[in-house]
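Listed next: structures, encoded as structure tokens.
Both of the next two complexes hold chain A, though its partner changes from chain B to chain C.
Moving on to the complex of A and B:
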């Protein structure tokens, strides 16, 4: 995106025209289709979208851990001048867990059940800071466990994952992600989805706090717009493998432009008119299967404003409608004024 | 520390240990506990029933059966231990390679399938016939027979664990393939492996006895449980003690080993431990 050049600031992570394909028996599935995205230093970018829109594959592409039979077919990913896609696997192993870390959705499944959490946290130091002695490692692990808000880390360091609660496990995962102390980008793949609401808030606070303290960027993958409103700086809305709208949080919520984003916001339950008998708004239809090759706009089949002669044919370009606000839609000026004012009321 | 604590609470493990420890002590300190040499002939004393002098009686050449059984356990245990150890080393090596790398799997699994298709005894007879009767060759035959089983067990658990989320998480923290294999995957294979090891050890004692019984095992006059039984089979009606005592020893050793195996499986797998000491969580 050009807006970064204008400010003359080099982005931390720059993804250009990324395309990740899964070669399956039924044909090619394009999970990530020409994504362009920049993450600035010290920024929280939320990637929002329905299940199956390619968010997680995008995150995995950044770390080059796309599971078989997926592969990155073209594009480029630059992290602070490092060419991720053309780096040797050994270089990648040094980057993973050190410069880029990732926190997964399900903390139970992401921790090895037969190793103590202390062992698992210090493993990263063994891998990335081989000069530390085991005592120094233990000290750092205890400090980190304290930082992520685990009370009496001395008692927990020898615990096995099943002996901890979900929130604690997620804190362990965060401790693992940040233990090296040089993390520049933290990718959080739906980090709060499996936690209950109070813990969600605590974990989000923790992210925010650590982000400021460690001066890193966070790429937060979520389908929860509440989470986005809570901590994101910028928002990228993903649909069927492409980014359809990108802007800062306020613009996304107040000057929503893409019909899909409008649909997402409208389908949030309202809190102030519980008396309303109106059924909850839903976006009709389903996310199209990524294996279908769709001519024109991918949202066509579900869009309330779709017009055959305009929207089918070429895929709409990703245009900057106001500075820093990018949208992929042909029908921007048709999008209903009333709908927008309704939305404004609701929010 | 943890393992010792859990071990002392595990009944199966303790019972197995109580059975096997005396056996091991007898075996290691055989000269202290025995009055007679296991190979000295004394024809005057042949086929004597158990008495205060000869606790287990004597055999057809008047050799003291107690000495023979105790010294025989040295050979049986030594052969079984050596065979089990080499089997495990090879099995874990090939099994984890096969589970982790698809290409290696192709070769290793086919070879194992082929070996598993031979009845064990046939392999034993083949090795003995080709290479001659010796302790080393018994061990070699057992390794050929048992390694494919260990390979299969290890391979199956490696494949199962490899697909789990925490392996992805390990990749994300930059762990190398070898590190993932040894640090993250292999600990998961311990519990099925330990069962196979104790079972294999017990099985090795039986195979050694079986081969010796057929005259293919430990060459006489050195005693082993199997060839003592083999020697005694002609006298089963007149002097049954020749077969009974080594047979009992085999039964006791195998039972003890199996109990220890079951106990170890419970001790080594954190998921099977009781959860009473679950750490209380502070945040929900």
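Moving on to the complex of A and C:
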């Protein structure tokens, strides 16, 4: 990445101290708890975490589409000078699908089964580019279908979603997200989870191409560390609503610091130990439910280095340990050297 | 069948020439309009206490193969041998066969009956086969729960009270109740979180070592397959295109489809970028599979002859078989 001339530019998206809460019968569920992230222009940020860690709610908060009974209680989101959280709903409607677009996980569930894919793509143009004639729209839709790698778009434009394969449907979703041509931030929520590996490789390839060709920033939400290593520039690791580690990709994989990230990487089945079949490393316990109130460090109960006096008091601060590498942990100097060198050997 | 099938088998578990077509019927008179060639001439062996990994894209027939092995689906032709005995379809032998071959399903949320307690779920197979009753049944259930590292206190709880990982443990416990010899695992960890996944994988290997279990392990996660299996079979559009011991497969795979699959795994080491082979397009429909070699439409090394002549599985070494015209020597 050529970051030298981009460094002094302001970030495209800047999230400060964001807090999203769901008001439920059993009490407040804090899905996103004090998240700070910047996304630079033309950068792919991967948000990694397990189910229920709040990564999808974070994405929806950026578009202000958090479903009821959730709401954003605190924080600020700035996109290129626009204050997202204090904008009028009409302004937001213009931003959604135009400046910021989103690709959802399950393409079959997010496409309308009774409309042709061509209609669904051009619907966004009708909304955002009302001056185009229907012929121009059709032309744009065909071009976009071609861009996202659909062979012979003329034959596919009148197809219904069920007539297409999973990978094709995901391409249609991406075409819908990009059709306005002015997308600055694409949020992709687990875009390849329901796809086969060979199709996943195609879609990731497409993301990379779009990123360079359109100078677009992508926020990629995933739980697959392989996908992260493949495509991301920066990585944010989320656990129970907070970001616990944030850095560029190489630092995350080579100088892993938070015990949770280390645990995730260590628990992956790796090459070379297939003959010996030693047991895989496991993170003890379970993913906590967000409705639990966890005092102090949220990873305390599962952390191998936890120390009651230190970790159970206040939530650890999110500190910059080396330039650009942020970690939320009290026990950083304890996370032992051997563990890290083991990990380095594995990768 | 052209080649005469063997009348017996000396391996622990073997399937020979399995074929399964699903008929597509259309119109008022339910006229036969086509066939889905889901499984087409599939043969493989599994040794006692070993694991065969079965990989392939969705729709390639992995799950149908699993269902045929469990006799949930009747094959159009083909034979299944367990410990040298051919499986026949009369009720008595089917019953004892099903006792020996069990399954763990992919989705722990939909594979457990929400209205049954853990004791009922695990006790059901024991009751059906009339093995335990009353007090003994309870004891046995607790013994099995301990085997999968679940607390015996949970016997009266219902599936919705558990997390995904715990549910999958219940699913595994259910499969273990009858002391099976072979367990078919259809994507057993793909619905679980990363940090829970390794716990369940460890449970699988532990149980295998303890009970000499054989697994047919279906997954699309090749790094998991590399870790857990002893040999690997790759399926494409209903056919096995390559079968090899795990170490051979990952170092010296021959079939272009296997190569593409291997290069498509996103690796977690960010420095080590392979030269990707990105297959174009999707897998063709199994209703009208391509003539000749079924992979030719996406194959980077396809030649005109691939359209006409269908390659057969040919031997590279005793345990390594490939079906490709150009990659056998």
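Rule of thumb we're sticking to: the second predicted complex is superposed on the first by the 340 of 347 C-alpha atoms of A that agree within 3 Å, B and C clash if a C-alpha of one lies under 4 Å from a C-alpha of the other, contacts with A are read in each partner's own complex, and residues count from 1 in each chain.
Heads up, the rule we're going with is that a contact is a pair of C-beta atoms (placed from the backbone, for glycine too) under 8 Å apart; a residue touches a chain by one contact, two chains touch by 3 or more.
Model, not experiment: these values are computed from the prediction.
Looking at the shared chain after the overlay, A:165 reaches both chain B and chain C.
By the touch criterion defined above, A:227 lies against chain C but remains apart from chain B after alignment on the C-alpha atoms of chain A.
In the superposed pair of complexes, A:151 makes contact with chain B and with chain C alike. In the superposition on chain A, contact of A:98 is made with chain B only, not with chain C. Of the two partner chains, chain B is the only one touched by A:113; chain C is not. By the document's definition of touching, both partners, chain B and chain C, reach A:196. Once the two complexes are laid over each other on the shared chain, residue contacts for A:176 go to chain B alone; chain C is not touched.
After overlaying the two complexes on the shared chain, residue contacts for A:63 are found with chain B alone; chain C is out of touch. Of the two partner chains, chain B is the only one that A:124 touches; chain C does not reach it. Once the two complexes are overlaid on chain A, the chain A residues touched by chain B in the first and by chain C in the second are 151, 165-168, 196, 198-199, 202. For chain A in complex with chain B, the touching residues are 63, 65, 67, 92-98, 101-102, 104, 106, 109-115, 123-124, 127-128, 149-151, 155-156, 159-160, 162-168, 171, 173, 176-177, 196, 198-199, 202. Interface of chain B with chain A (complex): residues 164-166, 168-176, 179, 183-184, 187-188, 190, 269-271, 275, 277-279, 281-284.
Residues 50-51, 151, 165-168, 196-202, 204-205, 223-230, 249-250, 253-254, 263-265, 267-271, 273-275, 277, 279-283, 286-287, 302, 347 of chain A are the ones that touch chain C when the two sit in their complex. Of all the residues in chain C, the ones that touch chain A in their complex are 57-58, 163, 165-166, 193-199, 201-202, 205-206, 220, 222-224, 226-228, 246-247, 250, 260-261, 263-271, 276, 278-282.
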